[in-house]
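In what comes next, chain A is part of two complexes: it sits with chain B in the first one and with chain C in the second one.
Presenting the complex of A and B:
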């Protein structure tokens, strides 16, 4: 039955594309191909953000409304890193300390404790590498991405520690309101730290540069970002899946998601599991923030940068089934297609006003439809798959 | 008895204060939010003018600066605050969307308002207490259409319009009207405030195949839009309105803004003779006081709003709102730094404003604003 629905939908899309091409030859293969690639790119970004919502919800049943602002912090930290290279010594040391702490945190979870010799060595090496990189003049998107992920990861863990951990036993509404407070705090902190204005974001001319190639039936205009974004997303999602399924800490996460109390009784350090969840979710959001900036060439004012992407990624997590990792990815990509590919099937023509201007509506339209038809989301039914 | 005496003295002092105390002038501007850069440019202009003339009628002038945070609600809140404070006049705001609702409040309260940036015709039509420094979009749209059809030779123009802004919708409408009268063809592409992703709108544009693109919005969105247009292979010339006179455009959008043309207020480069000297003098004073800030048309406009209000108070000889308004309405040939200002026989929009056509030249991180030519209203 689902296959039949899919076949009918695809047939409808193909028919619509053929019809549009007949109306105006400018709607050619390249036009829809470009929309398809961009949908995938945008969907990947939503998926990365949605993973953070879904993981936190899976573990502590909290809709983390501050997650959109974590995404903002990720983008601005990266901007701060690459726009100021080469750094002066104090800045280089400060950022390197944060990167090293983040690195030790990740490694520490793996090894069990932070004073492990391997963890200390790793932290020292990360500190050295980061300082050297920040002091050198060339600091491209890759290092900006990696450093921003670690720094933002630390920010995420701090948010949990300061705002959510003291409220562990409190009613869930208190946590929800605290999340909103954290969101406003980060917005205003962003204005103070980065000034509230449109900021350029062009760390690399290769990936973000103008690109055109001929396809049968037209010219496709794009940038290499349509390749880079899904690629980085795929790598990160695979790494996350491996972490969750193959490591002890990942197993502890799944156990906590199923039943936190029992997991604790079985010897799982729940606080550490929750901190890891925030660390990973924030790192993914930071990666999304950096690539978002590269995709669109500039980043908004901090006050609004995270709001719309954050809410849409939240919708994506609910559409996919909140609490489920594959659900978040599916929901994100689906939302990207709704927003970009589907609206490109209804462009402005002489007789039709076009719906691209209202594309933000479709994210939420899809959310309503999914909630009506399948309230648990597309893949959200299987409770044992939480996390 | 002694208590009563003290009370009497205090009351008398209070009365004396009310007469010789500072004259309060409200400043309603976008100091944070998406239009913050232009709002601050305007405020700097007002501050330089305030430093030059800090006393009128023998009383010091005090600025009551209110940040409307680039929102309609903020602008109305500022207007209400000024009514409570009993200011003599209000300068600002920059955008039409924020000027119109504030004007409604101030007109009801009978307080003079001089908008520093609003170009939508509706603003001054709200009442007889509302004035402005710039021209209207009826003029700006016509000038832009003329430039598009004569200088660029465009036949088909795509207009990017910010749906939720009075200035943008108004300017797009006037341009469309004028350009279609000249025999051109247009299409309107809508977006809302804070849009970042223009990819769908841009790729749909390919079916229209424009010769030129006219952007009527603000730099908060243009900084995202213009690089995306260039990346999608649109090499057509882009023309902007006066809201593009904002350093966020070339700084946020980078080299994509190289060659971006826009219409804006006249500065020292455009004004001729005495007016030009006045403007150059002002710019010099400004650069001494704010070496890091840039002078835009809105800086000069802010300064002129202040000068004009001071002149009106001086001529009225009092701070009575009715008398200040009448003095303002009878102003003729006032030597401002953005050209001469005449309110006699107008609805609050000065007659004979000078407009300029500018271009951004960007290479790497450096950019400059070049004058193409000045345009007179006649």
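Presenting the complex of A and C:
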């Protein structure tokens, strides 16, 4: 049945593309190909954010309203780092110390304590790598991505520790209201720290340059970001999958998602598992934030930057089936396609005003429809509350 | 006479209302614009917060789409009462999207058309405003019913997200070309008559109506049903409450008053714009509800007063100060936190009173204060720094703290009542009553009720069956 639906949808899309091309030759392979690539790029970004929602929901059944703001923090931290490259020596050393501490903190989760030889070695290496990278502008974006992931990961863990951990076992409405409060806190803290201004986000990088290649009937112009974003997303998703399926902590995560109480009785340190979840989710959100900035060339005001991507990614997570990792990726990509490819199928023509103005509402409408028709999402299991 | 509680309460309530009206009179004649605005804003936000409380506090459904309902009410009100010349001015502007149909949405024209010329006259603007508010409220209620339907299938966070999505979708849709002819796109309407939203009599009058309706509703059979849904939906259903009907009804009533609040809000600002109805509004109401007391009308008013106070008088928080001042304040706060925790722990006889967590806190506080004092002359610390967003940070921190330590708010679910101030002290139960309670709650004693020797169980004296003669 799903295959049939997919086949019918694809047939409809192809028919629509052929029709548009027949009406106006400007709607050619390059036009739709560009839309396809951009949808995939945007969908990957949504998927990265949605993974954070889905993991946190899967573990503690909390819709982390502040996740969009974590995404914002990731982007602004990255801006803070790369916009100053190359750093002078004292600043490079200072920032590197911070990065190394964050790295050790993150690594400490796996090893249990900070004085573990592996953690110390990792910290030292991170310090060296950071100092070198901050002195060169070439890989500024990459270093900004990596270090912002670590810094934001620590921010996510702190949020959990300060705001959510005291509320374990509290009514879910209290937790949700707290999450809203945290999101407001981060928005306004962003205003305080970064000023509420649209900020250009253009690291010196090969990837933000133009890319063109020949397709039947014309040339497709785009930037290298359409390659980079899905690539980084794929790497991160594979790493996450390996982590969840192959490591002890990943197994503990799955056990906690199944049944936190029983997992605790079996010796799982649930608090640590939850902290890891926040860490990983925030790291992915930070990566999405950096690539979002590189894709669109600017990051919006801190007060509103996280809201729309956040709520759309949440919609993506629900569409795919919240609590499921593949569901988040599927939902994200689907949403990207709805926003970009669908609007390219109904372009502005002389007789038709186009639907680009409505693309922001797609996520909401799709969310509402999915919740009303199949709340468990595309690949999710039934999560209806027990009586 | 004053021993009669009902009479005493009525007298006190009337006296309180009289005092309030006198205070409002003073506010209006004080000549302070700020004071009047604070009062009016308190009333407008009070209406919205009390109405949101019906869904969030009384029915126990977390709804986050209140700004959407307010938008609907606000835009309808603005459209209906816009003066004709302002209307034409707006529609003539180059970027305007208003069309013929929207120009026709005009109470003045409608009243003229049915021959009620007096109501179309400039003097009757107040009457038209009431009619417009009512119509705006009705349309908002319609939206409330639409948003309420998902609540029949969804629970908890899902529902919260759907209401949020509806609220945002209303705002985003209003900016699209589809509805742009009604809302004039991102430009909105300027020149909405603002004498109503700024007048304390209008706003407080409507607040009084809202509070009256909401408090009567809370203790009516409907209110009991709604509270039953909050406590346990399945049990309420089993007791014969039609939960679907009641939930949708709660949404409709709440949205109606939200629409009224939206109309007043638009009139207060003097323009109807999309960015007036951000999610921030709902957040403020949420803070007011959580702070004052979920489900308590008077508590919500208390919370609203605090939110409005922070919003209107919080300017000093956001002005620019030397960095050393900020540091000193932050250090003192840290110290206060550590010392407060120490005092609390000593009072509660918790040991160790200086918990290990408090050491770094206190040291950091001392260090930061020292840096601020010693380095006040340093170039870096002299630089002035503006605390944009400090107010919202304060409110969100307050909300987090409240949620952690007292999730039901300051007043909890109880209402303010005169008995609190003038009633007798709660009496201490007599020995006999205690025995009765113990008997009722103790299963073991229940089992021994048949024991032939009553002297063995003195507690059972009252619980014994009367001897059959």
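A few points about this structure:
Going forward, the second predicted complex is superposed on the first by the 358 of 387 C-alpha atoms of A that agree within 3 Å, B and C clash if a C-alpha of one lies under 4 Å from a C-alpha of the other, contacts with A are read in each partner's own complex, and residues count from 1 in each chain.
Criterion: a residue touches a chain if its C-beta (ideal position, glycine included) is under 8 Å from a C-beta of that chain, and two chains touch if they have at least 3 such contacts.
Bear in mind that the values here come from a model prediction, so they are computed numbers and not experimental data.
When the two complexes are overlaid on their common chain A, residue A:196 makes contact with chain B and with chain C alike.
Once the two complexes are overlaid on the shared chain, A:364 sits against chain C while remaining clear of chain B. Using the contact criterion defined above for the overlaid structures, shared-chain residue A:237 touches neither chain B nor chain C, since it reaches no partner. In the superposition on chain A, A:42 makes contact with chain B only, while chain C stays out of contact range.
Using the contact criterion defined above for the overlaid structures, shared-chain residue A:166 touches chain C, although it does not reach chain B. By the touch criterion stated above, A:24 is placed in contact with chain B alone, chain C being left untouched. Shared-chain residue A:221: touches chain B; no touch with chain C.
Note: residues 191, 196, 303, 357 of chain A belong to the chain B contact set and to the chain C contact set alike, using the contact criterion stated above. Residue ranges on chain A touching chain B, taken from their complex, read 24, 26-27, 31, 34-35, 38, 42, 191, 196-200, 202, 208-212, 219, 221-223, 296-298, 300-301, 303-304, 308, 339-340, 343-344, 347-349, 354, 356-357, 359. Interface residues of chain C, counted against chain A in their complex, comprise 60, 62, 64, 150, 153-158, 160-162, 164-166, 168-169, 172-173, 175-178, 234, 279, 283, 286-287, 290, 387-390, 392-393, 395-397, 399-400, 403-404, 407.
Residues of chain A touching chain C in their complex: 61-63, 162-163, 166-167, 170-174, 176-178, 180-182, 184-185, 187-192, 195-196, 303, 307, 311, 314-315, 318, 353, 357-358, 360-361, 364-365, 367-368, 371-372, 375, 385, 387.
Touching chain A in their complex are the following residues of chain B: 32-34, 36-37, 163, 187, 189-192, 194, 196-197, 199-201, 203-204, 206-209, 219-220, 223-224, 227-228, 230-233, 248, 251-254, 256.
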